[in-house]
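Two complexes are shown next, each including chain A; its partner changes from chain B in the first to chain C in the second.
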Partner chain A sequence: MSAFSTLFRRELALAWGRGGGPLLAIGFYAGAVTLLPLSANIDPAHLAAVSVGLSWVCLALASLLSLERLFERDFEDGGLDLLALGPLPLEVTCLVKALAQWLTAGAPLAVAAPVAAIALGAPAAVAPLLFAAAALGGLAFSCLGGTGAALALASRRGGLLIAVIVLPLLVPPVIFGGAAVDAFVAGLPWAPGFAFLAAYAAGALALTPFAMAGACRNAQS
Partner chain B sequence: MIESLVIRDVALQRGERLLFRGLSARVSRGEAVALTGANGAGKTSLLRAVAGFIRPAAGDIAFEGPQGPLPADDARRGGCHMVGHQDGLKTGRTARDELMFQVSWLGGTADAALEASRILGLTRLLDLEVRKLSAGQRRRLALARVVAAPRDLWLLDEPMAPLDSAHRALFGELMAEHLARGGLILAAVHDPLPVPSRGVEIAGEGRP
Partner chain C sequence: MINALANPHRFMAFSRWAAPILAVAAVALVAVGLWLGFTAPEDYQQGSTVRIMYIHVPAAWISMFSYACLGGASFFALIFRHSLADAAARAVAPLGAAFTFLALVTGSLWGRPMWGTWWVWDARLTSVLVLFLLFVGYIALRASIDDEAKAGRAGAILALVGLINLPIVKFSVDWWNTLHQGESIFRAGGSTLAPVFLLPLAIMGVGYMCAFGALWMVATRAEVWRRRASSLALQAAFS
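Let's look at the complex of A and B:
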């Protein structure tokens, strides 16, 4: 357990400094959700109708930002070798990295998402559900994004490759999460969409550590 | 507890190129083995294969404990240090942060880390960012984790290269102490190791 917390603290510290860390994600997110309505000349009623969807799309894109460095720096400077010789299996190590990424990028974005949606015209009552959905979705984004980042190791233009690998995988949580929150706004049952989102996040959490570790081993050899 | 490292008839391949084949060697408790060979012969690759990062194309690499063979994963995760050209130090963090993380990650205590940094003359450098350290200072920082976290097998890839003569002598003493405690050392070198060692030469196969 002490190795777990040692690694987690280190990953948090690194994530904080990595490419601007949470501030960059928040800044990008705030920029995207404020610029979009300014660039498209739509009236407030229409804007309110797409506010939830807009906040989700920007959420998915913002969470891609700092992924490239998640494994790359450790790979380049030999840190990955050091991590592989540590007491935890590489799968757990990768999971810790993804969780730290979630806590530093996903969680702040989950706080920002309701603010953005309400600013665009969504009802204030949506905030708790949107926060929970964004937090769950962010967990899936971090795990899947980590997989993409590990697969892109040792390749040139890794950032592009990550986007190509990860974006399709981010579609289901965006659909489930957006649908759940939209259903809530419309007064329809929102639980099924939310349950699908939770299942997707749980699946990602359970399966991606193996993919991440496999991809890291492949890059190391 | 690793009693010996056994390399049996190992062949290593990088991409299409066969580096060497039929290499056998044994490192036992209290023994240092110096790997020699031309540039590109496969010294670093062999060290990485022992650490489990590369799978040999043929042959096997085994670890033996007092009660017979050890599971390779356990032996590597609990008993191996690797110091190579890449030291895993993050340039943007302070030497202290990095040393404390690496030592604690590899199973050493904070006190041992401070003691090792004192021995290696790093105490006054600990609050500097790693990027401000010279190559030799960085190497000493990497060696400090080896000294501070007690592990049986040291895999060293040209450990002395960036060190000045005083620190080479110092690290020689540290290696001698490790061997005296029953440690094992496998080092890729061009110059002789400063401790009594057995040489194993890697003869390159089919140079391109």
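Let's look at the complex of A and C:
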């Protein structure tokens, strides 16, 4: 357990300090949300209709930002090889990395999401649900994004490649989360979408560490 | 059969004859299917645009089938480290992307007169588009990794992740929205399609399958030859 908590603290510290940490994701998120009304009709009724959807899809985009450095730095300086030799299985190491990514990028974005949605005209009552959905969705985004980041390790040209690999995989969480918050705003039952989102996040949390570890071993071989 | 063909020499000997035979069968079946399809009576609602079905529906079948082939080949390549399976996976990805693209384009051309729009964000269209993006992601990942073996394993992991995700994508998209007509051919209680339309469609389906098989074999053969050529070039460089 102590190896686990030591690694977890290390990953959190790295993710928090890495190139501006969560501020970078928040800054991108704020910028993207600002651009959307500028490019579209700013009639409040028009904007309010798409407000939660826009704030939700920008979350998915913002979650891609810091993925590139998730494994790359450890891979380049040999840290990943040491971690692979250490007491923890590589699967657990990858899981810890994804969780740290979630806590340092997903959680701050989950706080920012209701603010963005309300600024775009969503009713304030949606804030708790949007926060919860963004937190859960962020977990799925981190797990799938981590898989893409680990796969792109062997190529050493990360960035855009990770986005191309990961975006199609993000379809289910985007649909489930967007459906839940949209249904809440429309006064419809929102629980099914939220439950599907939670199930998807749980499934991603359980399965993607194996894909991440396999991809890391492949890049190291 | 698959076990026997896992031997590259036997596969090369087999596919040398099987690929041209399948190709001839494909040309014959597609010609007959198109002939029957274009001489079939017009649909009472859709008029002559119903004939797009004979191009569109088999392409959509093959697009799904080819991802299953990619997943299966990736599984064998990843678990058993089988180089022929890896060559087959690499060969099937552009084919699958091409059939998926064909399904999307013909569907769009069919949608314009029937639904009055080129594209709708309907469940089936969206899931086929996501399928296309998965193929593109696979091709992009393989293309960006220089080391052949690493590219194969990374691609196999991505293909398997996509294979698990694809039914969920399908389900989520269905749950999200549906406008496309429901399944009308493989359904409990028999097909809702009249036999005069069903026969040419079935012939076209088998013809597409033969064409896919022939193209896949040829592409896999080309991949095997390419690997032999590059290893010969390496040997020549070091000798």
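Rule of thumb we're sticking to: the second predicted complex is superposed on the first by the 218 of 221 C-alpha atoms of A that agree within 3 Å, B and C clash if a C-alpha of one lies under 4 Å from a C-alpha of the other, contacts with A are read in each partner's own complex, and residues count from 1 in each chain.
Heads up, the rule we're going with is that a contact is a pair of C-beta atoms (placed from the backbone, for glycine too) under 8 Å apart; a residue touches a chain by one contact, two chains touch by 3 or more.
Remember, it's a predicted structure, so these values are computed and weren't measured experimentally.
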{"item": "First, second, both or neither for A:31, with chain B first and chain C second", "value": "neither"}
{"item": "Chain B versus chain C as contact partner of A:81, first or second or both or neither", "value": "first"}
{"item": "Partner chain in contact with A:221 - chain B first, chain C second, else both or neither", "value": "both"}
{"item": "First, second, both or neither for A:171, with chain B first and chain C second", "value": "second"}
{"item": "Touched partner set for A:73, first chain B, second chain C, both or neither", "value": "first"}
{"item": "Shared contact residues on chain A - chain B and chain C", "value": "221"}
{"item": "Contact set on chain B toward chain A in their complex", "value": "48, 51-55, 76-78, 80-82, 84-93, 97, 101-102, 104-107"}
{"item": "Complex contacts: residues of chain C adjacent to chain A", "value": "78, 130, 133-134, 136-137, 140-141, 144-147, 149-151, 153-154, 157-158, 160-162, 164-165, 168-169, 171-173, 175-176"}
{"item": "Residue ranges of chain A in contact with chain C within the complex", "value": "147, 151-152, 154-155, 157, 161, 164-165, 167-169, 171-172, 175-176, 179, 196, 200, 207-208, 211, 214-215, 218-219, 221"}
{"item": "Chain A residues within the chain B interface of the complex", "value": "2-3, 6-7, 10, 13-14, 17, 73-74, 76-89, 217, 220-221"}
